[in-house]
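Please see the structure below; I have some questions.
Labels for the chains are A, B, C, D, E and F, by order of writing; each one numbers its residues from 1.
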Amino acid sequence: MTRDNLVSEVMNMKNEGCRFVTMSTVLTAEDAVDVLYHFEKDFEVTHLRLADQPLAEPVPSISGVYFCAMLAENELRDLFGMRFTGLVLDFNRTLFLDEEVTTVPLVNNCKITPTN
Amino acid sequence: MLYLTPSVLKNMVKKPATRNYPFAVREPFDHYRGELVINPEDCILCGSCMRKCPSLCITVDKKAETWECDPYACIYCGHCVSVCPTHCLSMKNVHRAPAPQKVLMSEKGHPPQKKKKAAEAE
Amino acid sequence: MFKSLIKNSRAKSPWIMHFDCGSCNGCDIEVLACLTPLYDVERFGVVNVGNPKHADVLLVTGTVNHRNKKVLKNLYDQMPEPKAVIAIGACGATGGVFRDAYNVVGGVDKVIPVDVYVPGCPAKPEAIIDGVVEGLKKFQQKVEQAG
Amino acid sequence: MSNLLSILILLPVLSALACYIVRSGAVRRLVVTVTGGVLSVASVALLLRGSFEAWSPGTLFGLSWDLIITVLDFALLGVILYYGFKLKSLFIQIFTLAQIVLLSVFEFIIVEHVAVPAFRADNLSLIMVLIVSIIGSLICIFGLPYMNRHEKHLNLQKTKQPEFFFYLVIFLGAMNGLVLANNILWLYFFFEVTSLCSFRLIGHDGTKVAVANATRALWMNSFGGLGFVVGMMLAYNAVETLSIAALLTAGPQGALALTGVALICFAGFVKAAQVPFQSWLLGAMVAPTPVSALLHSSTMVKAGVYIVLRLAPAYQGTLLSDTIAICGAFTFVACAALAIGQSNGKKILAYSTISNLGLIVACAGLNTPLAITAAIMLIIFHAVSKSLLFLCVGTIEQEIGSRDIEDMRGLYERMPRTSFLAITGVLTMLLPPFGVLLGKWMAIEAAAGSIWVIIMLALGSALTVVYWARWGGGMMGSRKPGQPSESLPLLINLPLMLLCIGAVGLSAATPAIYANLIQPMLSSAALAVNTTTGSLGAFAVYGLYIALGLGLFVAFRAGRRAPVLRKVGPYMGGANLGEDGSFNGPMNQPVAFGAGNLYLSELFGEQKLTMWVNIAGAALLVLMIGGGL
Amino acid sequence: MARTVIPFGPQHPVLPEPIHLKLVVEDEIVKEAVPALGYVHRGLEMLVAKRDYHQMIQVCERVCGICSMIHAVCYSQTIEEMMGIEVPKRAQVLRVIWSELHRMHSHLLWLGLFADAFGFEALFMQIWKIRERILDINEATAGNRVIVSVNVIGGVRADLNPEQRDWIESELKIIEKELKEIQSTVLNDYTVKARTVGKGILTYEQAWELGAAGPTLRGSGVKSDMRMLKYGGYKLLDFEPVVETAGDSWARAAVRFREVLQSIDLVRQAIAKIPRGDRDLAAKVKGNPEGEAFMRVEQPRGECVYYIKASGKKNLDRMRIRTPTFANVPPLLAMVPNCELADVPVIVLSIDPCISCTER
Amino acid sequence: MKYVILAFIGLVVAPLAGGLLAGIDRRITARLQSRQGPPIRQALYDVLKLFGKEGLALNKWQIICAWVYLIAAALACTLFFLQSDLLLIFFVQAVGAVFLVMGAMAGRSPYSQVGAQRELIQVLTYEPLLVLVFVCMYLAAGSFNISDILAVESPLLAQLPLAYIVLTYILTIKLRKSPFDFSTSHHGHQELVKGVLTEYSGPYLALTEVAHWYETVLLLGVCALFWTTNWLWMAVLLMATYFLELVIDNTMARMTWRWMLKYVWGIGLAMSVVNLIWLYAG
């Protein structure tokens, strides 16, 4: 799966009647992550993987397809400093964190870049 | 409506369920992990407890021969007790008393062979 | 006479407010359990008021983090004098297991003065009752000092 | 006597003309202020002279005044008709034409012109004169600086004040005439004058809404006028005299006469904006504040209840009396309920006025001495408090640019003096020991015997508490030490102050008022039944007054401690940002304080409720008039 | 019409935990509700860098003191799966027992708070009185009332002796009896129903689409319970999920109430299934985990997801916890608007929010 | 002399009795919940302690309102013991109710603002019913004066059973018991955090508490008027009524004001009307 077909793939999952479980992210390099999207149908879990996604590049948001992904994406915004385009409710790094936290928590403590 | 009425009326006539702590203290359960105590005599400063402690609240300093634990950071999980090779750590089954100041438990340990008197300090 | 009546009543009617300041709920539910039939702290006149403006004693459970430290401070400021603060659990005292996480400031005493620490993870209801009793002692001392 | 009466009735006319002709602001100021003063003094003088049975003015340049009035009457109807055509209002045209025709029939065919004393005054009339002259004058004086600011606000090129004060001042004269009239034709004349004046004043600003509302006021009142004419004819038919006094002493007379009385009462209902005619008074809100204050407190609507109350002996003990009581009580509840759904301050005042008028009408309908006492008390105190409130709202509106009670939240911060007066005004409207409440209390005692009325009174008084309390409470607020208070012109402050003092002080005088003014009247021929004094013992009022006064004193002294208290913000779940009620909201964004009242729109929403109220009100009215038969 | 802006929380007596809702109400009808989280966020997932994978068990337990046991189970199962450890049957069954005890105490705790949310103090007291028995069982068997800390990678640390088993059985009988006594109050009382029926409706489709979990999902008629995956000791037990179809607060309460009774049954079954001979409590653990694993278990509040990546070191690379409340927040946001202000606590509590789980 | 004693009872003894009653109330409530409960004098301790605390208020209006609330309640209670006119007492206590609301509205606090609005709804609910109950008593006794009511030969309860039920509704609202405890309640676990009282603290909270005691005594006094012929039965009636209140408090959830307005008005008005008609007919 790639960044470009992400939303359409997710759309497919939705059309198949899957429930969005959550998404997970894991650091694969200094500045790249794998993003996993987990879906469930009839107790079967399907994982979609967006591999080696550079942190600096924004990812298309799937919150337009699954509203509930909003929370997970905002969380990643906080914890990994990832950006999402088209997020329906964007807390802009204030879901969990305040100004006092000056690092991106899960990315080897690199300093945060000023938010836009 | 009023389904609870029989219950509350029953409560009214029965003795209240209240345990009259602190005037009457209930017999504690044996396994309750209430307070971590150390018998410094037996501590050989091996440091396993320090390595296993999930709260990282034990500090064993071999050079200074001290064993220190912050009881206010300890989460009373009891892992240190189960890993201690000399069984010098144990758990009391009553809780540690609240106090107006935080104190550090700090004990003189005894590396193997050598023997020293332990002093208790606050 | 009225003065001494008031003074005597102080220790007999500690109204508590409980603030969950990022606790894992372990200590939290134990605080709540104190109100329930088996422990029933109302025996000592304790009422859980839930409003800083009515409270005498602030029970804080949990670690302080960057967001709730302001809340904690606000609440403390809104309590009328004389007041006491009791920090409950390992988290309240020092930050507990989470001391070294990035969003944790530490124990309650990093933000407001604490009068009594109740150790435990979670602290037992009995320990909390002891803590409140201990807190009332300090409370009385404070009042006496203040005249 | 003659001097006093002419001062009270003719001086306003002359002053009004002076205002109209001499278009200078300074002269207007002088004329209005002096007229106000003279009127007030004259009214007191008249009161001191006491009631009188009959007095006729004689002739003017050899013409009998009766004739002059007749001529003026037709002239007046002609003017109204002219406006009817100008405004293309079919209703006005029909009603006025009908009046002209019927009146001609009445005057030229039916009535045998035996001389009937034109004026007569019992204590009720004297009280009304006092209210009209003093409160009305204060309102006019308040109007002077108010209208200046008002016009500045509207950016008028050419001032319209001469006209405005012309109608405003003439109104007072007409009211005085109305309450003193004994000849029913005179009464009718003054009645029509007030209709016309109110029409002109409501439409004063000339905006589309103003004109529309003025038109509605006129057609409704013409309808009332028509009722008056028919009623007059029927009543004359039975008692064969134009003298009201004679009509009253005669007591209830047969079905037809009673229907006549009912129709005159109907005219009073319209004038007093009882449901389903409340809409014209609400529409009158578009006019500048002095107009609303005047219409609502001392003139116009009071003319309506005055007529109903005046006629009380004529329907005593009849079914009509009961239905009037029910109609009044229904208006009381319905408008109190409607007021709950409102946030527009003036509308609340309007509904409250109507509601209180309903209470007065209900008392008239109950028709026991106690009830009549209650009615008179209510007329007095309602006039004072309501004018105070209207003037306060006007002042506030000019200052903050809104008449919404939500915008007045915490007004004490900005306008401590005015809001203090307004809060006092609110309190005098609903709490003991103030007069309005004493009136209500007596009304409830009087109504205890009639089940439907009492239920409606009970509901209505609770509803009243709701809309007043939240308004009064909402205006309270915090002030920082040293914050400057508002500065207002003297001619605005003075009437406000006087009215406020009046509202508070007069209440203390209730026992005196009762003993000296009301009780003698009740035992007089017109209203006497067996005199059971109400339970308004002097002790209760004085004791209450002293106790609550002391209490307030203690409370205010305690309140003075406020500045030394430690400043903490309100409870915000701990998310406070400062002390002004703002808090740290989602995404760490500050959120400002916001509060709104409960308007219970699903229960008291204006549109839906109005429809039901109107239907029920109309049904009750039909019942009432039919009940006479 | 002017609107009142109410800061609901972070400190608020009916919210057991700090969460902030900016409520905009008009005539006490909620027109707008925006949440603010982060008052309990500690940053637990990052602690993997500072603790080894054994110590992490204790940290995971303290994600939440209410569902601590099952967090630990889920974590250990994930590690065990990664390392291919076979957990002894006895340990598996014991895990089920404590898990179900946790579920019971969690549900009862919630039921009490829920009663408190609609001002039914006596019911709250009654329920919490019953709940104390479960905590006593925990304390006696595992050494702590709430956070039992019995799990280790590969198994458990504590055992139940026969007397304890009998004692548990007898306690369960009392609990069951006392629960039956309040059953009609919880499910049929007029005032309770008036406050819960039709409040916060979540339809089947909405629940599925918004990714709800646990009783919130089952209250809307979806038959979804992770225990149907038959993980751990559950493969030995008879189990049928509790489902209600109304989708309102009452349905969710009913699901939880019936689940307590079901849990009593499960504990009984599990006690009966404790293997006789085999006394093994924990398998030996050697080496460090490596690879990726994804594990789902049923928490009291619903499906809890652990995703762990490790690369053969003592410290894990990444641990991701998706807790049920995290999944239930979006449905909550869909339920609150246009309810009455007085119903906000009821609706918020009806998903049984656990913020410390959500934010970790 | 008699009046001095009566005034003393109304002014001084009544609040103390109210305080003790509050303590008993809490004790019995605790017992109904299977708890041991506080000492009987607990409510007095609470108030005394509050007097010794630092007072916090948002502005002077709040303080004024708290005082007026207290004074009006005390006055109403005293008037009651002085055997004054029921309607007068009613209006004087309404002063207190109104000032309580206004005090809550005086500050920029959303919680007390909402509380004030709800309190108004409560006032709206019980006031007409209370007036109707008084009217029933008037019809039965021929006067609004308490001294006249005391002179009635047979217990009013016999003639006014429905009015008494209505009165218990009012009592529940006024005592702020479940299911009507939504503008404020004795325990703060409620969505409004004590609503109208949110912003009061220390001595000012104590004032409102004492005022509440006065009101309790006043209302129980009104209940007592329903059986004035025999002290014993009066006591039984009062105890039974109060115990019933406690049981209701402990067996019902808090409802919403929308429900209250519809339900209590519906039932209350219907019952009062039936009783009124009965009195008219009889």
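As a convention for this text, a residue touches a chain if its C-beta (ideal position, glycine included) is under 8 Å from a C-beta of that chain, and two chains touch if they have at least 3 such contacts.
Everything quoted here is computed from the prediction, not taken from an experiment.
J.: Please state, in steps, how far subunit F lies from subunit D along the shortest route of touching chains.
T.: 1
J.: Which chains contact both subunit A and subunit C?
T.: D, E
J.: Tell me which of B-F and A-E has more C-beta pairs in contact.
T.: Most contacts of the two pairs: A-E.
J.: So, comparing C-alpha centroids, which chain is the farthest one from subunit F?
T.: A
J.: So which chain ends up closest to the centre of the protein, judged by Cα positions averaged per chain?
T.: F
J.: What chain lies farthest away from subunit C once each centre is taken as the mean of the Cα atoms?
T.: So the chain farthest away from subunit C turns out to be D.
J.: Quick one: subunit A and subunit B, Cα centre-to-centre, how many Å?
T.: Here the centre of subunit B sits 42 Å away from the centre of subunit A.
J.: Between subunit A and subunit D, what's the gap in Å when you average each chain's C-alpha atoms?
T.: Computed value for the inter-centroid distance: 68 Å.
J.: Measuring centre to centre with CA averages, how many angstrom lie between subunit C and subunit E?
T.: About 27 Å separates the centre of subunit C from that of subunit E.
J.: Considering subunit E alone, which of its residues make contact with at least two other chains?
T.: In subunit E, residues 4-5, 7-8, 10-14, 25, 28, 36, 38, 41, 43, 46, 50, 58-59, 62, 122-123, 125-126, 129, 144, 147, 189, 191 touch at least two other chains, as defined above.
J.: What are the residues of subunit A that contact at least two other chains?
T.: Residue numbers touching two or more other chains: 94, 96-98, 105.
J.: Touching two or more other chains, which residues of subunit B qualify?
T.: 1-4, 8, 16-18, 20, 54-56, 75-77
J.: Throw together a list of every chain pair that touches.
T.: A-C, A-D, A-E, B-C, B-E, B-F, C-D, C-E, C-F, D-E, D-F, E-F
J.: Okay, in this complex, where on subunit F does subunit D touch?
T.: 54-65, 67-68, 71-72, 75, 84-85, 87-88, 91-92, 94-95, 97-98, 101-114, 116-118, 120-121, 123-125, 127-129, 131-132, 135, 138-139, 144-145, 193, 198-199, 261, 269, 272-273, 276-277, 280
J.: Can you name the residues of subunit C that touch subunit A in the complex?
T.: The contact residues of subunit C facing subunit A are 66-67, 102-103.
J.: Mind listing the subunit E positions that touch subunit B in their complex?
T.: Residues in contact with subunit B: 50-51, 54-59, 62, 122-123, 126, 129, 136, 139-144, 147, 149, 157-158, 181-182, 184-185, 188-191.
J.: Given the complex with subunit C, which residues does subunit A contribute to the contact?
T.: These residues of subunit A touch subunit C: 96-98, 100-101, 103, 105.
J.: Quick check: in the complex, which residue numbers of subunit D touch subunit A?
T.: Counting only subunit D, the residues touching subunit A are 586-588.
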